[in-house]
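Here come two complexes built around chain A, the first alongside chain B, the second alongside chain C.
Presenting the complex of A and B:
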């Protein structure tokens, strides 16, 4: 605990690991903290097939990053929860954890994102969970979430997790839309949802979604497709994807027993008289992700509200530096994107911290520029665009031009 | 949709109806909504409903509204008094 560190990284996910690696390679003494028992963050739950057919195995990717960070000399400590962060008079940061305090002149917050809920009546019953919780139980804890589930909400992330649950042999009765209310926004509008699903049509195992994608670029054709979309849904991985049905309420006495669903019009309005109950013993709510930035907030960092990036994000520049001296951010805390973008951002953060700390083997400005260009390249090549306007929002935030 | 049957803040059991009505009556920010309804002031520290309050209270449009985010207090993770005291 008395060891001196130049940089403490909070969060050993893709961004934190990449940053620890590049900063340690430049000669900084780096400590990486994570509250889970294993480093890797949300990479540990990821498993999907890429368009070329290759598998993205998050556990393997995490192992490689951990190896890279350790070989570069970074220390990784798991099972540590960071609970607070403040700047002390001697110009260093104090990091409060459940296992004592740490001090360092540079801190990188790579805390990732959290899931936001999409409340509906009955969502507080035991057996209701976020879809990410089902992912962690299945792929990380290896616990069977239940016997028959219903997924409420359709998004890129939800579909990726549905495919993982199917690989694990978990039975899903249906994927339905959330009910329309003040909180659901576009998530309950069949046309908007179809549009967002088509953005990742290459990943969709259903031939109809795949080959229909180009055809459905026009809004008129999308409306037409929705009009004829079968009520019982299109089977995706043996699970009916029901764009024309929404959940009304989760029912059960002491725990989930089923979901009351209804047919909806092409505009998402429930059709009276079409309600019926789908039996289920667990429900996954897919409500999307938001940047987990609590530590930046307690440190006093200013924020911007950027819906395209998932909500409130700490103000930061393209070099991942915040306005607070020595405080940096990288990964999903800066906006919700893929793990590959997080890795690229982590490298940028590690390099720019090394320059600022005047590290022994500090990189030149050109190297940081290259790393920043790599972030943009990775973003434009990303398989999954979490939001169509990410690049534009980022450019506005950094006041640079879109590549 | 019956907004009275949708709980938004689970800790303080505040419904969507109460929150929407408060915002409508007072035209308030996320922070004021929190103070008026106690949504986000429960034992989880607002970890679950904070983004929902933001979504309900922030008006769409405009370039990065300089809306104050809801205040976050340490400890940002549940921690026992014993562990907290040792720090």
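Presenting the complex of A and C:
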């Protein structure tokens, strides 16, 4: 426990692994901690086809990153939960874990994102899970989450995971909207949901969505399309995408037995008398992602609320440094984006820490600039833009914060 | 009890890689696990969804997030309470216990006294 490290990275996802690799290559002694049993973070669950047809297999991508970090000399420890951190008087950080304390002058928080929920009655029943839980169970643990499911919530992330569940042969009865309540916001408004799905129309497996997308750019035509949207939905990946139905309640005695759904108006209001039960033995709630940033708050880092980035994010500069000496952030803790962006950000963080730590083989400023340019390039080439205004809101954040 | 089983064949990820198996007990009943997998995954593969009853109202609970954030899957292992089944690898001979309803003496007292504030 008393081993001395130059840098402790919290979170062995794409950002943490890339950072550990670039920092260790520069000569720093790096410890990477993660509470999951395998390194890789949420990258492990990812499985999709790139535009050229090649498969992005998260398990393989994670293995490559782990190999890179280990070859560079970083130590990776899994099954360790970091519960807190504080700055000590000797210009160092103490990291508190469930397996003792660690000390280092530099800390990188690469804790990723967590899923937000759209709670509804019955959501505590066994068999109800976040859609990310189903993704990990299916692709990483290779355990069937059930025999017939209902997905509540529609977003590009949900659609990506629906296609992964289908690929693994998991049956889904329907994808419906969440019920409108104080928490659901736009997620239960058919027009807003259709608008957000259309942004990813190029990825849509349904020809109708794909070719209808251009036509539906105008709000008026979207309203018209919703008026005529079939109640039973449009089949996507063999699953009815029901933009005109919402979940009211998840029903079951000891576990999920079904979902009470209702037709909704084009504005998302349930239509009285249209309620019926869809049988299911599991339910996935798809509520979106937010930066998992509690440790930055515990450390005392200031925050900004940036909706485009998924919520409250720790203040940081383009070099991933926070205003607290020695504390850095990278990956989804800085805003929800793709794994490729997280990898690029991790590299930036590792390099800028190496410079600040005056590492033996510290890179030059030019190398960090290149790495920062690579983040922007990766972002602009990303298959999925989680939000249309990510680049602009990041530029604004980096401009206004003097770190 | 229905068994959901494993995804043995996957069109892209290929066949399930071979793994050593081990046994553990859940509430005294024996289950098999693949070496290194989580308690939550092994139990779900064995058809177990309910990991605890809510401490106060007794409603059944299972995994929700499967990555350690929500704490819904907490179980007792070898006498240690509050262990997350989704993050804990199964070990041979492990004794896993579900959580159950706990006494709520203060609430009962408040109800007995008809205190309107609780």
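Note that the second predicted complex is superposed on the first by the 399 of 403 C-alpha atoms of A that agree within 3 Å, B and C clash if a C-alpha of one lies under 4 Å from a C-alpha of the other, contacts with A are read in each partner's own complex, and residues count from 1 in each chain.
Quick note on the criterion: a residue touches a chain if its C-beta (ideal position, glycine included) is under 8 Å from a C-beta of that chain, and two chains touch if they have at least 3 such contacts.
Computed from a predicted structure; not experimentally measured.
Peer 1: With both complexes overlaid on chain A, does A:303 touch chain B (first), chain C (second), both or neither?
Peer 2: Once the two structures are laid over each other on A, A:303 reaches chain B alone.
Peer 1: Looking at A:99, would you say it contacts chain B, chain C, both, or neither? Reply first, second, both or neither.
Peer 2: Touch partner of A:99: chain B, not chain C.
Peer 1: Would you check which partner chain A:347 touches, where first means chain B only, second means chain C only, and both and neither mean what they say?
Peer 2: neither
Peer 1: Applying the document's definition of touch, where does A:59 land relative to chain B and chain C: first, second, both, or neither?
Peer 2: second
Peer 1: Between chain B (first) and chain C (second), which, if any, makes contact with A:42: first, second, both or neither?
Peer 2: So A:42 only meets chain C here.
Peer 1: Which of the two partners, first being chain B and second being chain C, lies in contact with A:126: first, second, both, or neither?
Peer 2: In the superposed model, A:126 contacts chain C only, not chain B.
Peer 1: So, does A:114 touch the first partner chain B, the second partner chain C, both, or neither?
Peer 2: The answer is both, since A:114 touches chain B and chain C.
Peer 1: Which partner does A:290 reach: the first (chain B), the second (chain C), both, or neither?
Peer 2: first
Peer 1: Tell me the contact category for A:183 with respect to chain B and chain C: first, second, both or neither.
Peer 2: first
Peer 1: Quick check on my understanding: which residues of chain A belong to both its chain B contact set and its chain C contact set?
Peer 2: Common interface on chain A, chain B vs chain C: 35, 81, 114, 124.
Peer 1: Report the residues of chain A in contact with chain B in the complex, numbered from low to high.
Peer 2: Those in contact with chain B are residues 35, 81-85, 96-101, 114, 116-117, 119-121, 123-124, 179-183, 185, 249, 290, 294-295, 297-298, 303-307, 311-312, 396-397.
Peer 1: State the interface residues of chain B toward chain A in the complex, per the touch definition above.
Peer 2: Residue list for chain B touching chain A: 1-3, 5-8, 10, 16, 20, 47-49, 51-52, 54-56, 58, 60, 63-67, 69, 71-77, 79-80, 83-84, 86-87.
Peer 1: Hey, which residues of chain A end up touching chain C in the complex?
Peer 2: 35-37, 42, 47, 55, 57, 59, 79, 81, 114-115, 124-130, 132-134, 136-139, 141-147, 167-169, 254-255, 281, 292
Peer 1: Inside the complex, what are the residues of chain C that reach chain A?
Peer 2: 2, 4-8, 10-13, 16, 36-38, 41, 44-45, 49-51, 54, 59-70, 72, 87-89
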